[in-house]
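Below, chain A partners chain B and then partners chain C, in two separate complexes.
So, the complex of A and B:
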């Protein structure tokens, strides 16, 4: 990041404080990355695959989730159907204890979820600290915030699905939190429980939310990637092996167990907090619901609009310009632009060429990669024309 | 290094932070023969600029971008790396003397590394100059080359453009296997100013079908 200390004197303390904070955060990030580079070379530096890591775990989750889905029964009880109790909790027990490697698959699904959240935070913090989240990148940032909220909610519904005492408690806490909301509270509660009370339909709704939102993630991910050319979504195989290795280590060292089966007539009141997914329940039980909702909403809103709250940290983006008379329509700039900012359009009538490059201004990052791609001197950054660079080079080289 | 030729450094302003090393003219204070041109991203560097520098009499060109994997604009350093290696159009002309080009991928904090690598590079380039001076100028002289040969030995391994080095000194796989580098670089030292294939002035080897309508 270029030095962000170019503030005008009328800057307020908040802005200066923020810039100072980001400056330090950026230096620390760089120092950590340098350290990792020394240890494993830049090719295998996981921080250079910060976006690919959550994506990798997402595939792991889809796969392991599919296997769990094959045996999962989304009901509270089937008392009307048979004498043997088959419900969500017993089906999870069956998966864990009776199906070969069922417990391993369940462990993988749980810990991959935790890892995904961990790496999403790492990813978000890195793009934030290295100033890669504003201006032409706002779609990535905003869709990222949505992705994070979705992933957290999907994870929570995963915890309801097990239907042990913790699931029951979390469901009840959610219901009372929803009830505390004015106007939208009641319909949200009815949607959440799929009725007025906890029934078999509630669990099928949880399963639907869990899986449906997971697939909806793919759509939001498309939004996340749509402005990036060749998004890096797969870490190198060596990194993948390490990631899976760590996952399996956790699975075998700390096997997953369920709590006691949920009993609608009981009042469980303590539970183990999974800090990756359940921290908001912890918050909920440590403050009034009004404070909880206000602070949660404020946090989400601030996170979403952060790219517009922070201004003037670096110079404004001056988009690239195509020299129409020189462009041959070769499309090299179009291929190399990292933010999909170049569109090839039909060349104007009378041109010798078929296509013409045009810059989609709001997408342009002013990086100049298109200048490097163009062999015809047909695209330029107005603030640094390549003709100037060439003459600077020649002047120096010839003067000696 | 009094008689040394000028060296041009084309550097991304987010890579190794050279600001504190520059004099008022944009040259390295420590090595005034090295002129530094800053870019918003190393991906903006055109192979054409490198060729122009060598043609105008520069002894060598240093390209410096961020660590591969950490381009602020996502892909810029990979782009210029691939262009130098001939894996992505537009590339360098065949006649370009690759031994006079060095690419470094250094993070913001690695300016000491930059200085160290540059010194070594300049030394190599000077050795090349001496070598070429002798092979070009001493036909008549009875002196064989051995006295000088002791030093230039350094140049031998660097036939390919040195597009290596992350912060560890091991060249990355991409470097050593540089396929395109193989053909032009092994040739005997041609001077950078060889007229060579000037007419076709760097038409990218990409699909030129679009221009065929003429």
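So, the complex of A and C:
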């Protein structure tokens, strides 16, 4: 008895603490957005396109990657062609130094990747703090976590492709990490290297993963959008212009350069960490591989199941309810619902009407748009009856 | 499409930005040196703006700014990316200024006659 009271008290403390944190985080998020609204108006506030911006950068990455792909040679074996060394590293050097604007395009490709990760994190934090990731939005959240992991892995393979000393070190670190995994370690290593050791096939594999997985992003993006009727996927042109401008400025201020060509007979020890993509390698070099894998797996699992972890902590969404006696089956609510949460079904026997609106509870966000759409007062939010809303509006109008 | 003086002004500015970007392109391809292909030299001499280009190409401060940014080759490409940054940002500001009046709420339904 005492123990259950104690548990309940702990639960309440946790619940209040979490809700207090989310409340403050939400207020800070909205205050920052309000501040930017004052400066650039809500129409051009980039934070209102936090979901669309990673996708915008995806198009930039596809276009810039196309040029890089045209000239990239995925080999490591220092093959000679007419006395010229041709391999991955020299092809990247050729792109950077010899092709008109090759260095600029390479820089855009790199910084667009960084920007994409940055905006994905901003997007995730925004939907978390504003409580828009759970219940009917769980598909978006889970597919979003998968997208983030895919983007991080794709970015890392991009670092291997340059085939400088850092690429070699990262490849060897990845192989060590994979080998440390029980049972699946050996086959994963063989898959990663496309054989037992680093060969030309290894770089072909990296290039295949880098490009193939990038196209696979499109399928997961479809899952990400599937339940949204009108997702905002394109920022306004002015925002796009500014973001491309900032990319170009970054390319000018910090041009991308390669390290020394990778040499399989040497073992580089230090490398420059890119915190957007390579933070896990930094972690890997500061802890044992067992701790690394456990912490990485735990972080991914916790991020994925976050909507259910807070299920009993955050207040639930109370779905709209159809007043069957008043519903005429006119479909207005069905057309207006942004979450496809209303389904029109055949009206029950004896009804004067053909159709009846029903609420698909897991999809309902309790936004009230259907209540506004209904001309017959036939759909209600249980926690916010029409009469109360009308009296509030009346009081507000009279006070004015 | 063109409805008034504002649209004509936008068109002129857009064509101007395009023309200047294209004129700057060979300059950047020649490595930000101030040397131009013959046709561009002829054009810049004709309009009397060759001095500006020559000054830009030999300006030590500007060149050291590009070099200090760690660009090893094709300095002109990087300088052109800075130029494009300016053009694109200015265009964005122009779009915002022009589009500001569209910011008003437009959800009022038209009355059917």
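By our rule, the second predicted complex is superposed on the first by the 319 of 400 C-alpha atoms of A that agree within 3 Å, B and C clash if a C-alpha of one lies under 4 Å from a C-alpha of the other, contacts with A are read in each partner's own complex, and residues count from 1 in each chain.
As a working rule, contacts are C-beta pairs under 8 Å (C-beta built on N, C-alpha and C of every residue); 3 or more make two chains touch, one makes a residue touch a chain.
Quick caveat: nothing in here was measured; it's all calculated off a predicted structure.
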Report for A:204: first if it touches chain B alone, second if chain C alone, otherwise both or neither. neither
Based on the superposed arrangement, let me know which partner A:386 touches: chain B (first), chain C (second), both, or neither? first
Which partner does A:249 reach: the first (chain B), the second (chain C), both, or neither? second
By the touch definition at the top of the document, which applies to A:257: first (chain B), second (chain C), both, or neither? second
Regarding the shared-chain residue A:360, is it in contact with chain B (first), chain C (second), both, or neither? neither
Looking at A:329 after the superposition, I want to know if it touches chain B, chain C, both of them or none. Which is it: first, second, both, neither? first
Which superposed partner A:43 touches (first chain B, second chain C, both, neither): both
Residue contacts with chain A in the superposition, chain B compared against chain C: B
For chain A, what residues appear in both contact lists, the one with chain B and the one with chain C? 41-43
Residue ranges of chain C in contact with chain A within the complex: 29, 66, 69-74, 77-82, 84-86, 88-89, 91-93, 95-96, 99-100, 102-103
As the complex stands, chain A meets chain B at residues 1-2, 30-31, 33-34, 37-38, 41-43, 45, 48-49, 130, 132, 228-230, 328-332, 336, 338-339, 352-355, 365-369, 371-375, 377, 381, 384, 386, 389-390, 392-394, 396-400
What part of chain A is in contact with chain C in the complex they form? 40-44, 96-97, 100-104, 107, 236-239, 241-242, 244-246, 248-249, 251-255, 257
With touch defined as at the start, can you tell me which chain B residues reach chain A in the complex? 5-6, 8, 13-14, 33, 35, 37, 39-41, 43-46, 48-49, 52-53, 56-58, 67-70, 72-76, 79-80, 83, 88-90, 105, 107-110, 166-168, 170, 172-173, 202-204, 206-208, 210-211, 213-214
